[in-house]
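Sending over a structure as structure tokens; questions will come in a sec.
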């Protein structure tokens, strides 16, 4: 096309561009976006500790495609070379934003307002950025109010991707692909050490837990972790509490005897009786106080003051009184509980795991344990580069983990 | 234990006890429940059409274990030989029932009130039976009100399990175990014929649909089914509508170009822009009317008057305005929409599929299609004996199904 | 069809026909085979201990379909009411049998020769029965020689299916469906008890082992089982020995450091160096004697005198000198090693597991452990009704099993 | 460690180091190998077409660790800066090589002999390089003969990794991660185009096929591909031929009626009768000539002159006469058949797929189709960077593929 005009932009990036595979991704984006690039300057880090610095001219054949291209480069740490303020535009109606709003990633982000770069607070993916005076924060679309000033377009934005740090003890561990053919004991040892380090730094640890933890006999070990102080936040659904109560009241899980491992005929009604028992008592806390529930995960949470939130879902039986049945409220309470946690461990729940993954900034490590590799892959794929997947039996995993954290299981509890 | 007293009860059952494997299950329950049995009378069906009749004396060493045993036999079609009225007891508080309430299965059930056997309405599993005058109906625990008369204990109850009918064309088909190593075309042919038969009987067909239908390119074929009149009810979550809108507005699904099959860089923001576009319009119907949405699954649903309900979940982005965010309300609306449907087809959604499975009586056939055998197995295991599982690619499945129902895909729509 | 002639046969069966679900299967076969049945006599077992007795008239509209139907009833324990000798026909050429040869199941079988019922030896599935004088035995088609007298047709045959025994401790355990959502510790306890019982009865235990046992860190626990005397036969492939040697010589498995759990760069060559080291020594035994191999699974097998056989496959690297590269010879040696074993445990190998399943009579219990439910289901589906499936992490499983058998792992070995 | 001496080496690399992610991998290897690096020179490709050039000094604290590090860098395209001849050492005994032999990757490799760089022939992974005069070739360890001159150590070696080419139409397609949530129709279109291109270049196409192709009803479409000339080589096992013959002779596959999709009682014997029928005829070709086999995959292969090889395995029934029961011979024949093929398509067989993957040079694209994502992942992980995985139903995939290649299925054949 001889007469085609060329549109160009110059972007810059700096950091561990090679080891974080950003440089490669940047080039890919340009070519796959139908553009061309020319490296104007590249200063490679001479040693592993040094940053690299890139100045890149990108060109396309239309202004919209150039804009899309630059937009796609921002999450990779590029920013337009020419400094400018972010463009702010007011929301016209509650719960909506202008069409060209900047939709966030979970990476650290800055916006330039009145010539100054300010950090975006409450970083999470899939949000708009609302600027108010000298502060900027991520806000879910539904929480935007008419008149809020929304960051639009691509100028005045800087994203700093998490750099993979080769020197960190868990670097290689974290870059492991998902596989069931690994020695789990080595991974458990790493996770235990990460947990101890998080506690030593004074950080809270959140667990996101599916009912499979109860079915697979992991509850005695998980309660040991609670008692040992490793569980600060418990995010789950109604089913966890129901099956935990069933195990406490009847010794079964989905009607299967947990000791004998065999189905108890008539046991399929146990979970309904458990729901009824808790709701008659007035919910979990009341059931604990009245002595209706005397053991299990929820009892230990109540005793240890763990911040637990049970989110409702369309498949819930009951639900028990504690379940937050409105999912907007449940998301808000999950988000609040996750504020500032240093580490998240997801045990056998794709639904709640994905929900939590959407809420976290990129720098919080997430451990995902599931016997189904598809679940682990799916959680790791959702932009949560920080996810470490472990394909194993969650009951036996908890047994190992409690052992390595000197958290003895008390079968009577 | 020489001095042990023996407690006995006599139960009766009749029907296709052999071919429905009920006789075997009845004996299993007695032995595994720690009891003993003595066949007092067994009259085998002489030919395939004849019923068998059983009178069985069961004995255990304690009254409670005898009660548990008889309770476990009721879902298998046994009833206590001695006729008596069901025991009714009033609920003491809203949302609760007496401890020994009868928790329903999804099988046809009758209760005896004032000497007369009456059919239980709105049959579903995990409910209480509320008797009011000469009527009885299943009611979820949360919908029970103080003073409602609840069926308790085991007397005055008759359950009639669905009998497998060897002569039915789809008998062998329905008893297939879950396997990915089958010829899907043969199964599609059966399902198409079942759908035609359901429509010929004037029954409605409900689809329960996950967003994978969009990702796998099944939407053009699914919309063809809508236009051809095979979709009366659509039960889904927020994600289906979001990804359908993303495909309609941007041609991508989760940022992947549906034509080229490759990731579009920057495409990860498409779903947020799609949500914003719909919510700015005021929801799906308004977006269709205003011409914001011009094609896709939701557009066809609006045009064809399909009863669609989107249930919220903890992992929702947005959600779009149409999503029912309270799960109690979502369950109630799902249940209402399912009232009287003749067939249910679940496409790639474990969450909504289990939710729907909990709501259906045992005589509504459910087809479950998923590429993950674990999902199919899980749905088939949850007491939904009527579930036919098909492990295959859902996009290609819909392509085949539309072809066999003469429902041509219109790529432009 | 008014003029159609009807062909009939009368068959008899006795045993635990209800609890083994044989009665149901018999009726199914008749109806699905296009026939009709009439129960001429049915005497139900009055208690759980009593046998049931059936006399059944079956009818079809052609002689060939009647024959096929009776043929299909034989594996279910039916025999033609009229006693007759088995028909014997000579093989015409080595490795072949007459077209209508009786193809065996893995159930106990008797043939009538000269008026006497004789037991078939070396029972296995997919074989012909060769009669020689007063003895009869299963023989693979390839081992048939011209002139061998082969059992043909359906007369003179009696098959006695394994009856499920409700009183056996492991009855309910064995009838568990495949699921990853179970408490593995309960299952391990059962398996440990079954192993102790087998040893107490003086029976040998065979393990069928894939290399995943090494990758997942199970080797120290498996070698503990060898030292404790629980492994009499080891059936595996070349890969087990290769990865075991790699672990012994380099501390890696497929290039992954077993202690650290991370990939060792350059480690992908370790398995080739291990193969070369063993083959230079002259094979495994020589490598042990010369001190080339000092620890690991194969070393312990050599020391403990375990009968090990490594079967070749198309994906083998090397192979090491011990590998039996001709699969006919490998099958023959597997079969010989399995003669009379009391229990088989298959650890993470579908290929060898299916191979072994084909060789076993129905009364030898098989435990199949794999993290992939598809593998467990496939092994359980192949006519091996005796298979108990366990979906879990095989490394952690072996850790648990060694613990419950008081077989302490010696990390140094 | 103050007194520690430092050992250094200088390596060079050139090529598309960024987009092939080699630069990142090179740095990773150094750091994870316990070394340090210093970039002495890096010349980045200014545009997408330009090569990059790297000179890197690496240092460690011991000579062995330096050697291991340099060894690990060679497959990434690095070569020692100082030119030297490869060190050659004679094999001492048949089937063995010196301890420090160079174990090949599947990438293009050159060795320097007498000052000249010569290309290594028959490139494949896990082989030794034998130099004879002015030629060098990969040789499996077992094929090495005493006296062969083997390349040892790390000098005089150059490996040229395949560069990912962003401009190639299938670049993005090939870099797709494994997922079942994709639109298969888009992928089929790509594959069809790749096949047409391969044929247009005069290249042969090899299919590696499991029996699932028959079970899932793919055979009519696969035979259409044979007739249309798209299948030059068929690599499979005994089971494919057995189940193909069962389908041809009885219309069933593993006893399941392919039309009706339901189990045929007694059908479990069909595969044994099929084996007997073929072996009585004297093998597949003879069975075709004698009219015993008149349709199916193997018949079409015989008619079209497709080079087919059936490799034996431990789980084989029969096997049929054509099966190569010695796996060394089977590997050799597979390897010979693959010589020079331009494209390989693996359909539902992990066993044979891994076997073939081991034999191929890195520049032959491999398509792997399986409904089980674990199989696809495993094949893609085994160093076969050229593998494109597709998680879908193989029967429906073949239906689509035949359609897009205008190869109509003839149900009668």
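The first chain written gets the first letter, and so on, giving A, B, C and D; residue counts start at 1 in each chain.
The working rule: a residue touches a chain if its C-beta (ideal position, glycine included) is under 8 Å from a C-beta of that chain, and two chains touch if they have at least 3 such contacts.
Since this is a predicted model, take the numbers as computed values, not measurements.
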- Query: Comparing centres built from CA atoms, which chain ends up most distant from chain B?
  - Reply: D
- Message: Given that chain B and chain C are copies and touch, would you call their interface same or different according to whether over half of its residue numbers are shared?
- Response: same
- How many angstrom lie between the CA centroids of chain A and chain B, rounded to a whole number? 32
- Message: Counting only Cα atoms for the centres, state how far chain A is from chain D in Å.
- Response: 37
- Message: Going by the contact rule already set, what residues in chain D reach two or more other chains?
- Response: 28, 32, 172, 180, 262-263, 372, 374
- Message: If we count contacts the way the header does, which residues on chain C are in touch with chain D in the complex?
- Response: 28-29, 32-33, 68-69, 71-72, 92-93, 95-97, 99, 101, 103, 126, 141-142, 237, 262-266, 268-269, 271-273, 275-277, 279-280, 311-319, 321, 325-328, 330-331, 334, 351-352, 354-355, 358, 372, 374, 383
- Query: Along chain D, where are the residues that touch chain A in the complex?
  - Reply: 18-19, 21, 23-24, 27-28, 30-32, 36-39, 42, 44-48, 166-167, 171-172, 177-180, 373-374, 377, 381
- Query: For the complex, which residues does chain C have touching chain A?
  - Reply: 172-173, 176, 180-187, 190, 212, 215-217, 253-254, 256, 258-263, 371-372, 391-393, 395-397, 399-400
